[in-house]
Amino acid sequence: MQERTLGELAEHVGGQVRGDPSLVIRAAATLERAKEGDISFLMNRRYVRQLQTTKASAVIVAQAVDAPVALLVAEDPYYAFTQVMVLLHGHRTHKETGISPQASISDTAVLGAGCHVHPFATIADNVQIGERCIVYPGVYIGEGATLGDDCIIYPSVTIYERCRIGRRVIINAGSAIAVDGFGYATHEGVHHKIPQIGGVVIKDDVEIGSCCGIERGTLDDTIIGQGSKLGDLVTIGHGTKIGPHCLIVAQAGVAGSATLGHHCVVGGQAGIVGHITIGDNVTIGGRAGVINSVPDGQTMLGAPAIEADEARRAYAMLPHLPQMRQDIRELQNRLRKIAALLEGGSDKLEDR
Amino acid sequence: MQERTLGELAEHVGGQVRGDPSLVIRAAATLERAKEGDISFLMNRRYVRQLQTTKASAVIVAQAVDAPVALLVAEDPYYAFTQVMVLLHGHRTHKETGISPQASISDTAVLGAGCHVHPFATIADNVQIGERCIVYPGVYIGEGATLGDDCIIYPSVTIYERCRIGRRVIINAGSAIAVDGFGYATHEGVHHKIPQIGGVVIKDDVEIGSCCGIERGTLDDTIIGQGSKLGDLVTIGHGTKIGPHCLIVAQAGVAGSATLGHHCVVGGQAGIVGHITIGDNVTIGGRAGVINSVPDGQTMLGAPAIEADEARRAYAMLPHLPQMRQDIRELQNRLRKIAALLEGGSDKLEDR
Amino acid sequence: MQERTLGELAEHVGGQVRGDPSLVIRAAATLERAKEGDISFLMNRRYVRQLQTTKASAVIVAQAVDAPVALLVAEDPYYAFTQVMVLLHGHRTHKETGISPQASISDTAVLGAGCHVHPFATIADNVQIGERCIVYPGVYIGEGATLGDDCIIYPSVTIYERCRIGRRVIINAGSAIAVDGFGYATHEGVHHKIPQIGGVVIKDDVEIGSCCGIERGTLDDTIIGQGSKLGDLVTIGHGTKIGPHCLIVAQAGVAGSATLGHHCVVGGQAGIVGHITIGDNVTIGGRAGVINSVPDGQTMLGAPAIEADEARRAYAMLPHLPQMRQDIRELQNRLRKIAALLEGGSDKLEDR
């Protein structure tokens, strides 16, 4: 934990101080729980009143406001707060264990300088690992897999053979990377396993949550694009291509042979069927079920998923359905009475 | 496995015997599969006819009925059956392995008396573990984590650093506790990882299923309240507070910064968005998608979730929608004909 | 990787060659990415135009067509392609490690001939393992569990005690088999754990994906039928019986005490409530939520799930709901005006 002045922080994030730049800031905290020496941030105008009561020494905001607390005005307060957190708290540090004699490492594996391999990790034949990688206990890295520099592989992760992983990739505990795709040919009622000869390519700066299942391709590779982030318990089907800088939230699943463009957001528990194409900058709402290709820039909600504005209007109707049905019945009844009133007209009206 | 008389069991659960209290009971079984020496229970009046045919020696019931089998009448038959099962069968026993020399335990870790640590478990620096804890193979307990007395941590569980776990906590195989929250600040199209400096607090008597992902908080702690039980493959987002005595069924997910009260039930595959408040004694149906705060005592169903009675009526309408649409069209047609019949009136009627 | 002539492949799959049977085939590939020496297949008539442009040396098809590429005509092209893939590429091979001295194997465990047990695997007391099984690093096999011949257990899988596993069973990384069912008796606001004394029986030729949770039964066994295949992150509740030759796709969940017949398909992220019966040859769509028993041969879609044709019609209505509601209001307005026009009739009409 580092200690900085508010002025130093402002300089670091390219923001402006409203108040005393010599204030000493030691930690980051929420508006609600901050105490003296803490810096907080205002994410949402809804919480602007909390600026009056927070015990924080300073608050990062998008626009200067009247408040009894020092402000750090930054264009993108959430990003500025992130920079401040990294500066004050840093990312997780990892013990420098070196290569544990209790790890099982093949003679044919090649590890770059500065790697740390914990006890009970297994590195199979012909694995190549870059520099400064950290391999936690219980990790298994299969034959011929490659990892770039500065990867962090948390405990009990399994990386099946020949997986290709870029630089600065983080894989959280328990995930299975390049597990066989769910591929069977059903013949005379029996499901015959199809060898999954494709691989998995994970590009630079990807983070994968805990307990995810990323399938290897049947023929082609499954690809997770550069800088994409997957939450916990996400599944990616065989041969699917996730573009760069996507966010795929916890428990979402993308079936096989789908293609996602760049900067897509897939909400929690959402599902995307296989063999479709999702454009760039597409947002899929939480729990949405996407069954058709989606053009660039669209937002989709609901299951089955439809365009967001349409979906909001449509799903808002659900509670009204019983009344709607009753209204229809009453209309039918009234119309029947009107038809009866209009002598001679009834024949034409009741022609159903 | 213990052997008891029906009279002893009745005394143990505070119930009444209808029949021979000296009957010897050796095991618990379902009504359908019970054989002589077994005790069963009637969970639901629907199955009351099975009392006529069961081969059980005795059956636990809520109310005495005419049946050719001895009865144990108890106010809460399900709980009585549980007590009987614990008495006859007991909970899982664990081999007394002691501290395995094949485990990797930091010199700075402190373990209470009576702990069993299996081979290939890793206990990092400054971990504190209470008495009589069982740590199965492949478990990783990160730096500075604490566990209370009598915890059971099943194989391949990962507990990230500084997690605080209470007494009698059970964590099933493959779960990841205090994994980093899914927190990124997106700046110029790149997702920057936000250090997750909060922790996870798991209170006494919590059980967590297999392959769960419980995220640590960004700033504040994620909390799982006393006596709450999580099923398999559940995800809990960063900074979320689950109250005491909640039941969260398999594959449900609660996003970050949500708050649940006490005695909530979250059905299987249900999802709760972040930053909302769920009151006490709330029931969320299986597969429900909750997007707004819910007051105490409500039951919510559907996605998007609405109050249960309303939801049952609304979702029951879905199969009728095509007919409703056709009815509307027919009404429009008939009305058009009526308007045409009513000379002179048509102008006013067709003013749409 | 084997090299074969097109004629040899045709003979192997029982198909006919259209073109030069002496063509040498070295690998399988998609139509799009195939190059000389590759064989591909036409799965869907939609892609028939790709036959004109593919660089594959041969393509497996269901019916002969005019194309500038050699064809292998087979009745079931997908199965034929699978047979060809197995012939050319084979299934994953496993290093012959023997029994690692770094594994922890109980003296009372019995292993058949030809088993390979990797470092850091744990095999508890009284486990019985058949011949030629492969136990990867970090696997835990609990007391008294049995495995048939030719099983493959991938890294970090946990098999709880007394689980009975058949022959040729594959369990992928991180899955938890025979974890305790989610069973609690709630008494005076406290959830009391019910001992789960049932087991799990996994029949021959089952494959289970990564990070699955298969619960042991409370009293009876949970059963996964012969030849059934489970995708990644699937959960199966306690006491549930899955029939033979079912396909359960990623992230699907079946709650406890449910029964599925043979040859059922459960789509990705679908959920099936407990205590219901799904017949034989039932198909449950992706994301469907099944809350009632389903007779043989039905296809169910949607949540709540209804029969597929009905569901397709019903869910297609969702985007029309706002217009439907507006139409109803307009009908009501017009009818009010008609009623006003019909002097004297209005009393009878507006009797709502």
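Just so it is clear, A, B and C label the chains in written order, and each chain counts residues from 1 on its own.
Assume contacts are C-beta pairs under 8 Å (C-beta built on N, C-alpha and C of every residue); 3 or more make two chains touch, one makes a residue touch a chain.
Computed from a prediction, not measured in an experiment: that's the story for all the values here.
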| task | Select the category (line, ring, star, complete, other) that matches the graph of chains linked by touching. | result | complete
| field | Type of subunit A:subunit B copy interface by residue overlap (half), same or different | value | different
| request: Measure off the straight-line distance from the CA centroid of subunit A to the CA centroid of subunit B, and report it in whole Å. | output: 24
| query | Listing for subunit C: what residues touch at least two other chains? | reply | 120, 138, 156, 174, 211, 233, 251, 269, 303, 315, 318, 320-321, 324, 328, 331, 335, 338, 342
| note | Within their complex, subunit B touches subunit A through residues 104, 120, 122, 124-125, 138, 140, 143, 156, 158, 160-161, 174-176, 179-180, 182, 184-187, 189-195, 197, 211-213, 215, 219-220, 233, 235, 237, 251, 253, 255, 269, 271, 273, 289, 302-304, 306, 310-311, 313-318, 320-321, 324, 327-328, 330-331, 334-335, 337-338, 341-342
| query | Tell me, which parts of subunit A touch subunit B in their complex? | reply | 28-30, 33, 76, 78-79, 81-83, 85-86, 89-92, 95, 100, 102, 118-120, 136-138, 154-156, 172-174, 207, 209-211, 227, 229, 231-233, 245, 247, 249-251, 263, 268-269, 286-287, 303, 315, 318-322, 324-325, 328, 331-332, 335, 338-339, 342, 345, 348-349, 352
